[in-house]
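In what follows, a structure is listed as structure tokens, so that the remarks can point back to it.
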Amino acid sequence: MRDPATPHGTIGQPSDYLHARYTLRSWFFTTDHKRIGLLYLASITAFFVLGAIAAGLIRLCLVVPNGQIFTNDTYNKLFTMHGVIMVWFFLIPSIPSTFGNFLLPLMIGAKDVAFPRLNLLSWYVFMTGALFTMITLILGGVDTGWTFYAPFSTTYSNTYVIPALLGVIVVGFSSILTGLNFVVTVHKMRCPGMTWFRMPIFIWTLYATSLIFLLGTPVITLALILLVMERAFHIGVFDPRLGGDPVLFEHLFWFYSHPAVYIMVLPGMGVITELVAAFAQKRVFGYKFVAYASIGLASITFLVWGHHMFVNGQSQLASTVFSFLSFAVAVPSAVKVYNWTATIHKGNIRLDTPMLYAMGYIGLFVLGGLTGLFLATLAVDAHLHDTYFVVAHFHYIMVGGTMLAFLGGLHYWWPKFTGRMYPEAFGRVGAFLIFIGFNVTFFPQFILGYLGMPRRYHVYPPEFQLLNILSSAGSTILAVGYFFPMIYLIWSLWFGKRAPANPWQARGLEWTTSSPPPPHNFAVTPRVDFEPYDYAIKAREVG
Amino acid sequence: MNGAPGPAQYPLLLWPQAASHAAVHVDWLIFAFTAVTLLLTVPIFLAITYFALMYRSGRQVDRGHTVDRNVKIELSWMLIPFFLTLAFFAWGAQIFDVEQHAPANSLEIQAIGRQWMWKFQHPGGQAEINDLHVPTGQPVLINMISQDVIHSLYLPAFRVQMETLPGRYTQLWFTANRPGEYRLYCSEYCGTDHSVMDGLLYVMSPRDYAHWLSQAGSSQSLAALGKKLFSNYGCSGCHGVGATIRAPDLAGLYGRPVPMEGGGSVIADDTYIRDKILNPDNNLIAGYKQVMPSFKGVIPEDELMQLIAYIKTMESSS
Amino acid sequence: MIAEPVGIELVGHFATVSQQREAAKLGLWAWLVTELLLFAGLFLCALIIRIQHPAAVTLAATHLKFWIGAANTAVLICSSFTMSGAIALSRIGWRAGMLRFMLATAGLGTLFLGLKGFEYYQDYVEHMVPFLAGPYVLARDQATRLFVDVYFITTALHGVHLITGVSILLVLTWQASRPHFLARHQNRIEVYGLYWHFIDLIWIIVFPVLYVLNR
Amino acid sequence: MTRTDWAMLRRVLRVPCITLVALVALLAINVALGATLPFRNVWIVEAGVAACMVAIVLLVSMDLLDETPLIRLFSSIGFFWLLIMFGMILTDYLYR
């Protein structure tokens, strides 16, 4: 498909952002949103590997009920590191900071984000936070769990809690800066004709995620500052010995941390909407509902955090109110899932790797979402709180949902990122391995949870061993599954097929520019007068 | 003991034993909710796979007049799942409400969670570490507190758990109906040996329970032990009969609203009495000069519970 | 008075000047939302401690230096006035007057920090600082420490914001002293003014919450 | 500074002056109430006075009155989130 304005796919020509300049300075002092996106991709992949190793060791330790492989302290440090790294250093930045940074300006026809230097600062703030976490790891790890509950984290733990807290406080600012940048960019930098309802759904979800960044992150920054004050200088606000209430810390922590769960899920939904629309070659069913559902999710998610605290002495009124609202928060997610299914109806389906990830996502996300409703039911949570049922629930959402969306998006936009195509056959094998490995790992944990096995247990009663061995076996398949894309994607950087500007015949402004795009995205700022996802007419070519 | 085989005997346990009516009730809630969930989700899985195969690109099939917006359909599959699942919110809230209000005549066992062991005290004074013996057929209320970090007493056989907080009493009640040996865990992460802080829950028939109590080695009831402490710690010096210092009379105090100095009143429950013993300067009482010394760090948690048990028995007798 | 041209220099990736101006203002308001929620956690702690330990909080609040707090609030209100003055003059191009107002604002900000430092010294002398060495004057009622700790953290966090505010203001004043500043960067004064008014707004909330309401 | 300059200065600084006077007056009220504690639940009045001061600074000093609706939305969304957090946490603490 000829792309008149720029000779498509001719690498080496300094026409694209990757080959414009090669110096280290051009990478580490870049203000180009595309390069910052790739900087984030590299750093979060490194952290994903670290977190995955911790997960593998945890599953290894749980093969035997008497916990002989690691000491209890080591096990506690492992699951804490797995939690902290995966939540703050992989899942939260994964889609917003990599795909968001790269694609937001492209998809709305802008030259760059609103504040490019602030965008680079957000990456350096992220790496500073990462530095603190690495220091914690090297000094000897922290054993408070990623929830840092007082008074254990402030008084009774004798591990390196303060460096870990500082790491999370600093990385919080990286999220705030990214969120701030995206909000202003979406409001002010849209190209002529790109009204709110002509934007792709992925931009709606990024906007909703940025609202949660702005409205949630400061509260946990303060909560963790109070923990540092109490542990380092004995300026106690939650100290029960002075009459303080550790449940107050839980309120402040979960006021951010439940919306943080939606920070991890919402961009995934956006990616899946793009994939389903592109591989069904069909307009998204109920575009307006899906768009409003994203914003609705970003606001209702701030009303439900109390369902993490049903059994810690919270008043019955508060628990009942939080339980009811937690049922209401499931409605926007439900409408999205049904609309994706309706989008696939009468589409022109191509089952390439991204579509396999998308369909895997829909299946696992539905299962994860509805087990969340189980946990939101008061009587059921009294039984299942802090058991492996909860572990299985949030892994179905995080790995089954966000991870599959991240991998699907990575494959879908890989040609746009690097100008190279990934090997299709290997892609599908990787997708299957991950899907199988994931289910074998985490479905037994639903049963373990209902049997009453508490989470974060280094030593567990012998009757749970069989299911734990099954789960550990699944985790090895999952590890191999993760390894696959890492290998062939890196391989494709040099030996992959040259990618045309629009390999998937998809709609969206990012596909109208060359792969990889020129440094300033568009030769001439595009003018949008067409509806989003207008698959009715042939792929449009705009310079 | 002739109860059901111990939990460890089951090679592959797929469903937890239920040892109380409420537990079975929760199980029914889960079954029904799973059924409705499958009703809502299986169509999605089938539809996706069917559409993906049926409308594969290259297959000649009728793809005419696709509609991409239908407010009625979208509203319906927003509200129908919501109202369907809302029924389970109501059912769950109803069971939870029952769990929140213990019957008056329940047997009250005191529990203390501390870093990495449980200590239970029966009204008759019997104390046990990590393991808990309870009778069937009678409501049992466990009044619990933590001595250091937040723990959580979790009894999967009754499908209930409640976190123990430092500085505040929390309650949990159940009525066991099936004798046997079950698991008892700490389910809120509390540090190094969090996973070793578990024990066995022995549910016994009332006869076996009485037998166990008799030979469990305890001379005096909790209240009797509390009465002894009441004099040992010098409380009777001010609060006893014929005391020279003007101190509030503790007879019939438990459950009564106490007038505060700054106006308003506070119900004298366990937490209030414990807090007054440890921090007498909190919640100053109207009409009394505060001279009571603080016993923080002097009286341990289990003796506090014995003192409070004694104060509860102080009707207008002394 | 010669009025200088007032305007804004277009930066590369923005299409129009108004787009750049509005983007900067919206960006700062988004940042102020995060600052407000940062302090909201502290106000919440003060409220919950008040609910759980009313007597202790009243006792601790009466030991705070009410009059120094009141004076500080007045100082910040005046600095908010001088900042408004600076913005007003920047809009009509009177750069010299604007510089004087900006320096006045920086001066008042430093006065606030001085008074605050004096108040902390008074607290230390009166043994009102529980986490430092020495006997704590309200040691009888431990719950007072919670409120006093929230007081120190809130005022210290606000102090940090004020220190950064004054230092940025001084840098901005130095930049604005160059001749063609207003023609190219007038929007910086507007945006900075929002930040300064917000620091004043936070103190206008802190003063009643900590000093006045709990007496 | 010529006469017209003074007139221009007075015209430009009129609104900031009025806000200064208003804020100082409200502060004086709060300080007086705080010092004398005239009646029992005086904190309600003090809270109201503080809210007025906050509103004045927001609407006048920060020019929210003549701002685009988008900026007004962003300034009010912060306070609205405050209410959500305070309101829902109070349902826990006031009904324990």
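Side notes on the structure shown:
Note that the chains take the letters A, B, C and D in the order they are written out, and that residue 1 is the start of every chain.
In this section, a residue touches a chain if its C-beta (ideal position, glycine included) is under 8 Å from a C-beta of that chain, and two chains touch if they have at least 3 such contacts.
From a predicted model like this one, the values you see are computed outputs, not experimental measurements.
By C-beta pair count, the most extensively touching chains are A-B. Annotation: 35 Å between the Cα-based centres of chain A and chain B.
Averaged C-alpha coordinates put the centre of chain C at 14 Å from the centre of chain D. Chain B and chain D have Cα centroids separated by 46 Å.
Residue positions 187, 215, 219, 241, 243, 245, 247, 251, 313, 316 of chain A each touch two or more of the other chains.
The multi-chain contact residues of chain C, meaning those touching 2 or more other chains, are 22, 26, 30, 33, 37, 40, 44, 48, 52-53, 56, 142-143. Touching of two or more other chains is recorded for residues 70, 77-78, 81, 85, 89, 93-94 of chain D. Checking each pair of chains for touch leaves A-B, A-C, A-D, B-C, C-D. Listing the residues of chain C that touch chain A in their complex gives 12-15, 19, 22-23, 26-27, 30-31, 33-35, 37-42, 44-45, 48-49, 52-53, 56, 131, 142-143, 145-146, 149-150, 152-153, 157. By the touch rule above, chain B contacts chain A in their complex via residues 7-8, 10-16, 25-26, 29-30, 33, 37, 40-41, 44-45, 47-49, 51-52, 55-57, 63, 66, 68-70, 73-74, 77-79, 81-82, 85-86, 88-89, 91-97, 99-100, 115, 148-150, 152, 154, 156-157, 159-163, 165-168, 170, 183, 185-196, 198, 275, 279, 282. The touching residues of chain D, counted against chain C in their complex, run 1-2, 5, 8-9, 12-13, 15-17, 19-20, 23-24, 27, 30-31, 33-35, 37, 43, 46-47, 49-50, 53-54, 57-58, 61-62, 68, 70-71, 74-75, 77-79, 81-82, 85-86, 89, 93-94. By the touch rule above, chain B contacts chain C in their complex via residues 260-262, 279, 281-284, 294, 296.
Against chain A, in their complex, chain D makes its touches with residues 70, 77-78, 81, 84-85, 88-89, 91-96.
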